[in-house]
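Each structure below is given as structure tokens.
After this come two complexes, each holding chain A, first together with chain B and then together with chain C.
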Partner chain A sequence: MKTPGPWNKVAVVGAGMIRFGELFDQSYEQMAAGAWRACRESVDLGLDPSQVEAMFVATQRGTLWGQEGIGGNTVPSAIGLSGVPCTRIENACPTGSDAFRVGAMAVASGVHDVVLVIGVEKMRDKSAEEGLLARAAGGHPIYTRGESAPVLFAPFATRHMHEYGTTKEMLASVAVKNHYNGARDPFAHFQNEITVDQVLAAPEVCSPLGLLDCCPQTDGAAAVLLVSAERAQEFTDSPVYVAGFGVATDHPYLHEKQDYLGLLASRLASARAYEMAGIDPKQLDCAEVHDCFTITEILDIEDLGFCEKGTGGAFSAAGETAIGGSMPVNTSGGLLAKGHPIGATGIAQIIELWWQLREQAGPRQVALKNGYALQHNVGGRGSGVSVVNILTRNAK
Partner chain B sequence: MKTPGPWNKVAVVGAGMIRFGELFDQSYEQMAAGAWRACRESVDLGLDPSQVEAMFVATQRGTLWGQEGIGGNTVPSAIGLSGVPCTRIENACPTGSDAFRVGAMAVASGVHDVVLVIGVEKMRDKSAEEGLLARAAGGHPIYTRGESAPVLFAPFATRHMHEYGTTKEMLASVAVKNHYNGARDPFAHFQNEITVDQVLAAPEVCSPLGLLDCCPQTDGAAAVLLVSAERAQEFTDSPVYVAGFGVATDHPYLHEKQDYLGLLASRLASARAYEMAGIDPKQLDCAEVHDCFTITEILDIEDLGFCEKGTGGAFSAAGETAIGGSMPVNTSGGLLAKGHPIGATGIAQIIELWWQLREQAGPRQVALKNGYALQHNVGGRGSGVSVVNILTRNAK
Partner chain C sequence: MSTPRECHSAVLSIGVAAPTLRLPVAQVAAGWGRAGGRGQVAVCGPSEDALTLAWLAARRAITAAGIPPEEIGGVWWGCTRPPFAEGPNLSFLSAALRLHPQSEAALLSGSPHAGIDALLAAADAVISGRVSTALVVASDSLLPALGSGLEAASGAGAVAVLLAAEGPASLGQVTTEWSPVLDRYRGDLETETREVYDGRLFREQVFLPLCQTVGSSLSADPSTRWSLPDPDGRLGRTLGERLGSIKVVSSAARSELGDTGAAAPLLGLAAALGEPGNLIALGFGGGRATALSIQVTSPVPGSSVVQQHLSGGREVTYTEALRCRGQLVASGETVEMAVPPGSAMFVRGSHEMLALLGARCLACATVNTPPNVHPTCIGCGAIEFEIIPLPLHGTVQTFVVNQTMPAPFVAPLPLLVLDLEDGSRISCQGASDGSDLYIGVPVELQLRRYALERGVPIYGYAALVATASDKTIERPST
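After this line comes the complex of A and B, so read on.
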């Protein structure tokens, strides 16, 4: 990177979302409007909608196969911003986090000073057979028949347990911790605590993963407002800056993976993000990472450098990733409790970090030491792409 | 815009495509690989694939409902660039042109110096009922049942004829001219000339539009290489610069349109692009515009300022938009003859202009006077979004 970190060319000055859940009573457009309203109202010094110069809409696919497929040109009109340039970004499970990154580059390019990024996804309006995930697994003529998301991650759990002694109880500790956090997040889909015994007794989905090792299918929407760093003070006295980001792709199919012990895309993406931000993982105060399954969070915290490879299970079971631990992870409840409306997920993770860095996270607030926080997604036939964004409250 | 035009922060130093057509014998990934190869080989001073720092893949939806839905993380591996950051851009019919713009902003942001933009779309592998266009029209619960693309544009033809005396023969002149050009383009889907009589005698699709007033459904792929302007000379002695661009959205549904005489999104998008490039339409040497139907090209040349509103039909019939005319339009054959593989369309239009501005267009070459050329798409429930890119061979 040409700019030694933190990059800090772009600031997040607004952030808001709707409560995630099964939102059969809201249309795609209504969900987007709800997120936009919450974002607008969060801008400390106010935002006139006419100040929005460009938009990016993060929607992976949605289940309706209609408007969400061209969300870039239906959302502006639906939320009262017709005329504004708008582009839909899609990048599998990191769709929202990548839209955030693209929006930040649009600001840094000097073309637009004020950019709205909205993530919105309908996951529940069609049956599983007709829905997004069935379609996602339908692509390759040979390799992927019958492959659903649990099938893509379960082999990593099996191998990790064999190689490192990771246990089902350690996996369960991730679900218990994230549900504990979700029970304290008014925007989470699931707001109930669970126990290790409940996780172990849940119906098996794809061995060794049971029902409570898996994130739910959730509808949701979330929005953030990005502005050029030099104009941040027009909108707030407490801006959060984009310190850096990184993206990496990997071979998409399971049989092409190097091993089943970690995700190469996450390692590459985070290395790029740390370099751009000029920090190492020890400087992070908290993180929101991609826990589509319990094993995924364990892989993540190893691949992102929060603990040594192979120690993620014990690190979690020891409480190190809890709100009061040495490295709080998924204080929002994560995908496991908060939910995973794909296009909205990454944006919502960034919102949680925005609240944390502004000390507005209420009962989920972590202690701030260095003022950095990391957001991470991985996805696309399991782990074909990873996106990492690093935020900071520190001015450059 | 903060930078008085031409913007010229980014240069196009490579451009290549595969022949458009019904490509049942090529997979989505093979099409992408063909475009990448052609692009790479077009770089005058050579390109090492390891120089590519980031990619954007333009795919609207494809008909297979599999890999194309996550093309951002399957294309890099398929073309030998696994690891490289890659994002899929979608914006209805302007998907390719918008990916070009987003790629340009990524370069201008300073984050990436060398960016590959690939447009690729499978339109023919599934039936019309299952395919992309049927899905595109399926979104709204009330307004859009049975609405196919001709239904979205035919009312504009009817009204334009009533208001301005535009005739079916004038519409036909667009199809005749674009097929004449396509017959001279080795990458075009249709490479045959047609006559006005043939257009008028063709089966009616949606009155007053007949079969030869409509573009075909076509498979295709196209790729361009973008680099920061200060590094262009490492790749070529004949760079083409991005002088400016503009995007605008509009209310997506027909009943929300201001009138049926023009497309507001095209007017707004081009005004923004002209301002950013610091030129007016008279400085253009040629243009590639969105001729999904003959009437669309007539609306375009009026809305883009090539002729007065209402005079587009006569302007076309008089030969002003032919290769030797005062304002050559769609020298590639346009969507009507070259084809419209959605994600690839805008990129392929840009490639035609790249050839024109480098005087490599062979029998289609226009006379260069001012060194500017314009690319335009409009789409998304007809005209919910428009993207305009302006290129120049003039250094800043």
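After this line comes the complex of A and C, so read on.
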């Protein structure tokens, strides 16, 4: 791990997901089964289910969202793999991406050769008021009272706008771009384009963010198959390798941030991932980053090193992060358009990059130059946890 | 009887507090299909109650006197209806005022006479020499029965004075008289106060006889300024006429706030403490009336900003007032606090929330807030701390206004990150609608009710844009 990357001990040889959305007609278990089926069918040279040696299930909120059980034992049963070792991973908004990292480590350790990582989240079985919005009453009775999800990020928008002159139009450019991409992604929750004027005219959710600055509440499931790099060719001729990853934490209260201009956890996690992969941000062909709100993507592209701190708004408004831009970001539509079923989100981002690196992304395909792509999530109380995974199509 | 007794103690300072909302009485009348209705009454916003008003008035009085809170001997609180029918009214108020942990406290309650009762009890503690400084607080936020005449009169407000043996205003003669009669009434299972008597019966046989007896028992001259009870907006004037051509100074506070119950006698003469001369405060309630004379020799600290602290307020509709008073409640379930009021977390954390305490690292001086969830310094990793009171002034580092929350939250709800004066940082709610906030604006923190959770009030600090008067009065240079 300390040697120059890429790490490349683990390959992604299968990836599949269901269309995200308000899936009132599907149970948690049915969504999991759909993702597993898609993943299995994506393995070029075929997968016998008995080859799966272990599973990691990414579900953030367990029974709170109304599903029947938390995934550690319900998902193997639901997808026909009952008996297989299975562990549920929870790590706030990066739950899916951290399950991916843990799965990769399980393979790299040599304990398992074939691991399924599956993210499943039911966000809409309960009403919005009883679901994610109920977060406003969670945590400390005073210091986090009223802290619904936008409150984790909107204060950064207020300060970023004050400090750097970032405008609401710049924030809106993120939503417009991601909806444009979502309209070209058959798996996205929202597949419609929007305009800057529509974003600016949307009702205020949490100042300075309006409704279209915010990702929806989405049900979804996504799964990837990880194998040891040595055995990748048994499953596909075009594997994608895990080049590196990084995880970082920060203090949980909003008043404990170093500043309100960026997210320390993202900076630390990405620095670790770049080091492990042996690359710098300029070598990335594209990235899927955590855009739960428009401001989050602005902070991300600065914190991940795609542009200078303070210039994210202009960078985005100039189209640099569009599919044809210098650094395409969230070609899948991102959380803003594709949706944010928390446990599935990180896995679905990996899947988009898997398609991009295998040149299977259709109208969203970016030009591959260096063969590297980055996946990023950040969240939790005080946005105090971030996970970054870097993928590559380059064999070591 | 009506022979005055002497009450030898003195007022050191005064502070007053008014809630943020004002309800035009005409709106109440219109709500019931009636024409007319003059004046306005003060109404507590969703985060205000008799305890938060008491805190604010007391804090202003303490700061005006320039006395460290831990040196005050105790608090005597008069309140018709404290927030906890049974519960920690006094320990919560003492904690939030940062009084000494062994300070005295007494709660006088049950009728609007409680404010005068608190003043006299505190004076006795000073006279006896038991305490050198006594804090008197009188506050009320009345909940009138819907459709009753009380709706047009019931207001809210608070007043606090610090008493000592010597001071710029001396308490003098006191006369009390009682009569075993009902006036306003609220039974043990009732939530709202109602009237029981015919208006003329109450006026002629209950109110005026008691008040006239005690009022006329004190020596007064034409220059004496009076604070008179005025439960319905007319009785005060009638009483003044019956007492002769007296000079009534309480009508200003009455017309601004309505009937402030236990706070009314002292609130009515708070501004008058700024001018040397003789004053008489007359309190009434629960079948008792008391008159008390005060001689002002020099302006009492805090009196110059009384009018400023009572005026202003945002005008609300009858509907909004009903919602704020808890008399208009949405159907359906509300989202419960993740931490129930009965949890151990509140036993561990209540004092640090009420007194706004931080843990300052002995190694690097970083302030960690709240202390009980920070066993290790976020600045340097050290584990030894000094618990300190955090400053109640600071500036806005960043903020948002949350518009989207489930009930019982009410939008707009500002949420702020503050840089406090000592360099520490906290997050908190804002007490305004957020339209006055911007990065860098100076704010002050006030005790507010954050929630009424499973029926239990939960208190914490909320930020308001600091006013000029708070800068001069709350932060003396000494």
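Here, the second predicted complex is superposed on the first by the 378 of 396 C-alpha atoms of A that agree within 3 Å, B and C clash if a C-alpha of one lies under 4 Å from a C-alpha of the other, contacts with A are read in each partner's own complex, and residues count from 1 in each chain.
By our rule, a residue touches a chain if its C-beta (ideal position, glycine included) is under 8 Å from a C-beta of that chain, and two chains touch if they have at least 3 such contacts.
Model, not experiment: these values are computed from the prediction.
Judged by the touch definition given at the top, the superposed model places A:T158 against chain C, while chain B stays out of reach.
Applying the stated contact rule after C-alpha superposition, one finds that A:P186 touches neither chain B nor chain C. Residue contacts after overlaying the shared chain place A:V102 against chain B, while chain C stays out of touching range.
Once the two complexes are overlaid on the shared chain, A:E256 sits against chain B and chain C alike. When the shared chain is aligned, chain B comes close enough to touch A:R381, but chain C does not.
Of the two partner chains placed by the overlay, only chain C lies in contact with A:S148; chain B stays clear of it. In the superposition on chain A, contact is made by A:E204 with chain C only, not with chain B. Counted by residues of chain A touched, the larger count belongs to B, out of chain B and chain C.
Once both structures are placed on chain A, chain A residues 136, 138-140, 251, 256 are touched by chain B and, in the other complex, by chain C. Taken in their complex, chain C has these residues touching chain A: 335-339, 345-346, 349, 353, 369-370, 373, 378, 397-407, 409, 413, 415, 417-418, 425-429, 434, 439, 450-451, 453, 458, 460-461.
Against chain C, the residues of chain A that register as touching in their complex are 128-130, 133-134, 136-148, 150-151, 154-159, 162, 203-209, 251, 253-257, 260.
Within the complex formed with chain A, the chain B residues making contact are 1-3, 9, 54, 61, 64-70, 72-74, 76-77, 81-92, 98, 102, 104-106, 108-111, 135-136, 138-140, 246-252, 256, 268-269, 272, 276, 379-381, 384-385.
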